[in-house]
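Chain naming follows the written order as A, B, C, D, E and F, and within any one chain the residues start at number 1.
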Amino acid sequence: MSEIWLSSLKTDSPQEGFELAILLSRRGVKYTQPDKEVLQKLRPEYANNADSLTAASQVVAINFQTVAAANNYWK
Amino acid sequence: MSEIWLSSLKTDSPQEGFELAILLSRRGVKYTQPDKEVLQKLRPEYANNADSLTAASQVVAINFQTVAAANNYWK
Amino acid sequence: MSEIWLSSLKTDSPQEGFELAILLSRRGVKYTQPDKEVLQKLRPEYANNADSLTAASQVVAINFQTVAAANNYWK
Amino acid sequence: MSEIWLSSLKTDSPQEGFELAILLSRRGVKYTQPDKEVLQKLRPEYANNADSLTAASQVVAINFQTVAAANNYWK
Amino acid sequence: MSEIWLSSLKTDSPQEGFELAILLSRRGVKYTQPDKEVLQKLRPEYANNADSLTAASQVVAINFQTVAAANNYWK
Amino acid sequence: MSEIWLSSLKTDSPQEGFELAILLSRRGVKYTQPDKEVLQKLRPEYANNADSLTAASQVVAINFQTVAAANNYWK
């Protein structure tokens, strides 16, 4: 993967930071399963399952901790 | 999602911070499954399952760590 | 939920801090499932399941990290 | 639970800190299921299951983070 | 394992840091299951399962917290 | 367990720190299930299961956070 997709953890606002946390979470998946078609096929499976959604939200929460710290919590 | 829903991690009290952590947890879900009807349909599934509730509480706990740090623990 | 249940993360001792972590963990559940009767009904289900108890203990551990940091580890 | 079981997070060594983390993990379980007989009965169930043991080790790891920070990593 | 595979947590960019987090996550697996053939055989199993991918992404997120802190968040 | 197995969190390199994190993860299991024969018997069960390996890697990641902090990230 030579494409540049993450050059900084700095964002202008907490909300953009949260969206960066989502990006990080998706990239974590993509490094394991790079095939977009497979990912597309799996989507309905977890997007319609409450526990899968909670698990996805947890990964976002962990990445958001990192992004928030990197931005000194936008203080 | 152009709507502004998170402009600051600062809250007036720990309790409001905890409620913000809940909002963050729900937003983490909503970015993956934006369809409100689907979310509504999934609700009874996890709201009546002990393990699902524990998992939801865990995501809140992780987000609360972030919010608490952002507020210097309301010291 | 207009009731005030969390006005401070400060506690007099680590043990009280641990008990506050338990309260936070339960509140995390309660915001998702506010119906006390349902919660009561679910109790035997997870209180008699080893993995559910471990999961509950994990949420407490995460919340205890927050409470301990807020109290500067009672140093 | 009026018994005092946690008066300090300070320990003399990392190993004692690790053992305190185990105590915290067990207490997290005990607050949810205080009945010793039930806990005894559940023991073989998870002590002979690889995933349950990994989950238990994870709770210890989280609590050890707290204890280690409280002891400034025994530096 | 006498091979040197991790001499520093420092990376030039957040993206390289994320890739190091992925390496750490894989190494965590490899210490438990060093047999490459077995790992190869298990790959399709989790690379085509949404919950397995989320779990993998979560380990990356946790390791990324460590790498990011080690790099002072590339500030 | 009177044996001394953890006298310091300090290591000479990140890699040794990672190996210490693995030791901590295994010890977390061993305190719950001290019987080596049982542990040996459980090994194939999780060493050949992708999700079990991911879970094991997660515990290592959490312990590595602690070890890395204790070593000031080997800066």
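Brief remarks follow.
One rule holds in what follows: a contact is a pair of C-beta atoms (placed from the backbone, for glycine too) under 8 Å apart; a residue touches a chain by one contact, two chains touch by 3 or more.
Quick caveat: nothing in here was measured; it's all calculated off a predicted structure.
Of all residue numbers used at the contact between subunit C and subunit D, under half are used by both chains, marking a mostly different-residue interface. Rounded to whole angstrom units, the spacing between the C-alpha centres of subunit B and subunit F is 31. Averaged C-alpha coordinates give centres for subunit B and subunit D that are 27 Å from one another.
Of all residues in subunit A, those touching 2 or more other chains are 46, 51, 55-56, 58, 62, 65, 69, listed in ascending order.
Beginning the circuit at subunit E and passing next to subunit F, one meets the chains round the ring in the sequence E, F, D, C, B, A. Within the complex formed with subunit C, the residues of subunit B that make contact are 13-15, 18-19, 22, 46-51, 53-58, 60-62, 64-65, 68-69, 73-75. Those residues of subunit E that touch subunit F in the shared complex are 1, 4-10, 24-29, 31-33, 38, 42-43, 45-46, 51-52, 55-56, 58-59, 62-63, 65-66, 69-70.
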